[in-house]
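Letters A, B, C, D, E and F name the chains as they come in the text, with residue numbers starting at 1 for each one.
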């Protein structure tokens, strides 16, 4: 049922956390790979800031594709469609960045996401996790929905003091600094990098990824 | 006559149910396949949320094309045009998602839709059927129009208590959780999956659909 | 002179009927085929609903092209430009659907349209003719303009009771349910279907139109 | 000097006539052919109705290209840029249709336009000239600017009674019904049709223009 | 320093003159050639009228490319980026037309522009220089900035009576009627036309430029 | 932590300085190279003026690519994505031009940017650094964030008198006139120009860059 944690680990399905005027809420993120031309489609009444989060998350995953074992051809010959049910409810803000990124890595690698994990955090193009608002309400919503583990930005550790003791006890709360930390927990197994030299462009030629990989450090 | 159930099972024609300020209404959905490039055209004064429903429904069908027996070439060399008469009446909301999806599967497989079935329900990218509003008014409209069977979201079963006894008696009301349940009832026969290995891309090469199919589970 | 019936049967020229706050009016529709890429251009200060009517009419004609004897190559290598003089007068609404469809069939088949026929009626993607408003005013305008025969939606027969007896006597009023009924009257001769197997795509290969033709039934 | 008739017959330069709140005005129209892809660019602060006039005029010329001796390749490998000086003054309305069409025929055939001729009139896709407003003010502006001959819509002949006798005496006023009448007067020599069979598409294949030419009649 | 005349003759850098509510101002125009597809990019908070001036100036230069010695390949395989610093200050109006055109000719021919020359004047598609406003303020700004020579529209000679005697003495003021007059003064050397027959299209075939060149006369 | 200087020299990461109503702020700029077609994507709630700064900075870098040792193929087969965290905070103005340019040079050459350097300054298409506002607040923000060296426009040297003595002592403040001055300080090593004759276009043919290089002088 919508508003509850998923019951199985699934590919492309990630549980984010939203803050609304009437409290926190579960925010389900769904991604699909469909034949296309490397574009991203987004539906679910997303606001401008969240649309930019989607774009940045997609670029982040593309820039690290080799490291995640994602073949360039897969990216070039498909589109990703990301949808946030429920379609009539407006959603906005940057704090789903980490969840969106996780969904894209999952759907492009075929690795399922742990269904009992939720997360909140803005992501930068380098994968850094930035501070978000509404931590208390989001943790309460996670607990209500049956979530066991919540990933929060390290920069929000200071806000845990405001969270009721029983909530902190009931949840495993993991502060994270970088997308690597997020993926380590959220994916059911870790992506394997493509072997060196395996990066081919669409003409079947080996691509020099030295410039690309210089962007990966953090 | 518009506002009544169809008199024959037809390809691409699905009866949805709308809720308006003056009660429920029949919502006819028409889809056509025309030569094109894999795009979708939509007409009938659709609001932004319904346009996103169309886009999500189309991606859902594309992601499961092999399972529905829909050849990739058919998708690549044609457009789908979906139209909701009457063209001057604004329509919006996510609750036609299931009906739109059914229309697309029908028009792409050539399998007619049962003319005495109506349906309401938001659909997610995974095919899950989500709760809708205005159930009572929609069932009344279905009955008035001569519909025999109505598919409703399982999450709306709780609302049946508000529906007059005679309406519930006169209609076969089937709660559904997933598009598979919808198609099982609404199509006059079930789609046959393409045989394994039959998925060809436009260059006539076999496509590795392992990543795609991982998205299908639900 | 503008505002009067045409004096000759012409290709692509159809007389529609509009309803305005000051009464009914003749609405001339002009279509041209120009070299292009299968697009449609529309001019004449058309509102959003009428623009969607144009799009739906064009898809309807494309989906039935073989039946109308229209070669796929003609559609692919040309654009249609539809213009509604007078260019400074805003026009809107769905009720020119039948007239637009007739204009497109005419210009693509080269079959002239009867100059003494006018018509009104929304069209669905299946070619069904839907009810319109302002019947009385439209019939008065047709009579004033020298029209002999008017096609009206069957669903509007009920409104004929409001039309003055002398108008009904002076005009041949033909209720229609489907575009086929419209074309039977409006075209100076009937289109001939392409022979089976004659449908070629742009690579000169025969196209399997079985899915397409399943959409044609009504 | 701007606001006066041209002093030489030039290719692509046509004198239109505008009506403003403070009287009539000369409206110079300039067109250029530049290498491109068959598009049309328009500058000079044109309103939406005038932009549609440009589009319709361009389609008209394209549909009759063979008749005007305009090679298809010329249309496909070039753009037309039409500009209306002065760039800061807004211009709108459909009545420059005939002048725009004349400018396009001139620039595509290389035939100069008579510099002492001005014109006003909406044009339909079939080349019909429709009634315009502000005739008196426009004729006064033409006279002031040193124009000798003015083409007006035949439907405006009735308005000549309002034009001062001395203006009617000083100008040669020619009522026109169709673009053919306009071009007969405005061009310094008449276009020669391409020889039958000379119409090639961009692959060097002969094109069947029978459908196209059926649109030409009027 | 911004707001002063340039200290060297540079390629693509032209000094225009703007009129603001608080007096005249120097308007620096910068153009660059970058690899691309024949498009033009414009930045610097340009209003709609100035954007159209850019478009018209670019078409003018393209239509006379052979005369300026500009190879068609250079135009097809590059974009022009034109920028007007300071980026936060809105700029509008048609009077920079001549300066924009000069910048484009300079950057496409590699011929530097005289740094001690400023100019003002709208340009038509034929290269005619049209009257502008604010002459006195613009000349004062030019003088303040250290400019020696100012090109003004011939149609503005009448306004020189309002310009203080000392300003007229300190500046060389040259009335111009056509872009040819502008380029004769502003460029450090004159462009050389391509030899007849040297005009190649991108397939290496000789292009028939007879239609194009007919547009050049003025 | 966001709002502090970076702790390592990184590729594509530059520290700009923003002025807000409540004081100065650190503005982190992140760029990534992702496979694409030579386009630039920008996210982070950028206003129109800043978007134009991005476009101008990108053209500047492309026009000097050979000088920076950036291969044309790298530009043609990739996109740059530039993001300014935090995604919900609006950013605007031209003064990040120098920082954006530095980020693009860094990410395209793989040369890290010094983490203890911040900068402010509008850039022109020629690479000139123009005056900015809010110098005092920006320097205070740089100091607070742990920055050691700040590049400011030479035109702002006059404003240093308003900056507290202790701030001027604690920072190395370097006035700059041109992007070359910026890159000399900000990059950890200097780019090496491509050898003459090494500039290839995408067909593997040597490109004549003489026109391009004429634009480089300043």
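Basically, a contact is a pair of C-beta atoms (placed from the backbone, for glycine too) under 8 Å apart; a residue touches a chain by one contact, two chains touch by 3 or more.
Keep in mind that this is a model prediction, so the values were computed, not measured.
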Rotation in the CA alignment of chain A with chain D, degrees, nearest 5: 180
Rounded Å distance between chain D and chain F, as computed from the means of their C-alpha atoms: 51
Rounded Å distance between chain A and chain F, as computed from the means of their C-alpha atoms: 29
Residues within chain E bordering two or more other chains: none
Category of the chain touch graph - line, ring, star, complete, other: ring
Chain ring listed from chain C, with chain D in second place: C, D, E, F, A, B
In the complex, chain D residues that touch chain C: 48-49, 52-53, 55-56, 59-60, 62-63, 72, 75-76, 93-94, 97, 122, 124-126, 128, 130-131, 155, 201, 210-212, 214-215, 217-218
Interface residues, chain C side, partner chain D - complex: 1-2, 8, 10-13, 28, 30-35, 41, 43-45, 74, 77, 81, 83, 85-88, 107-108, 110
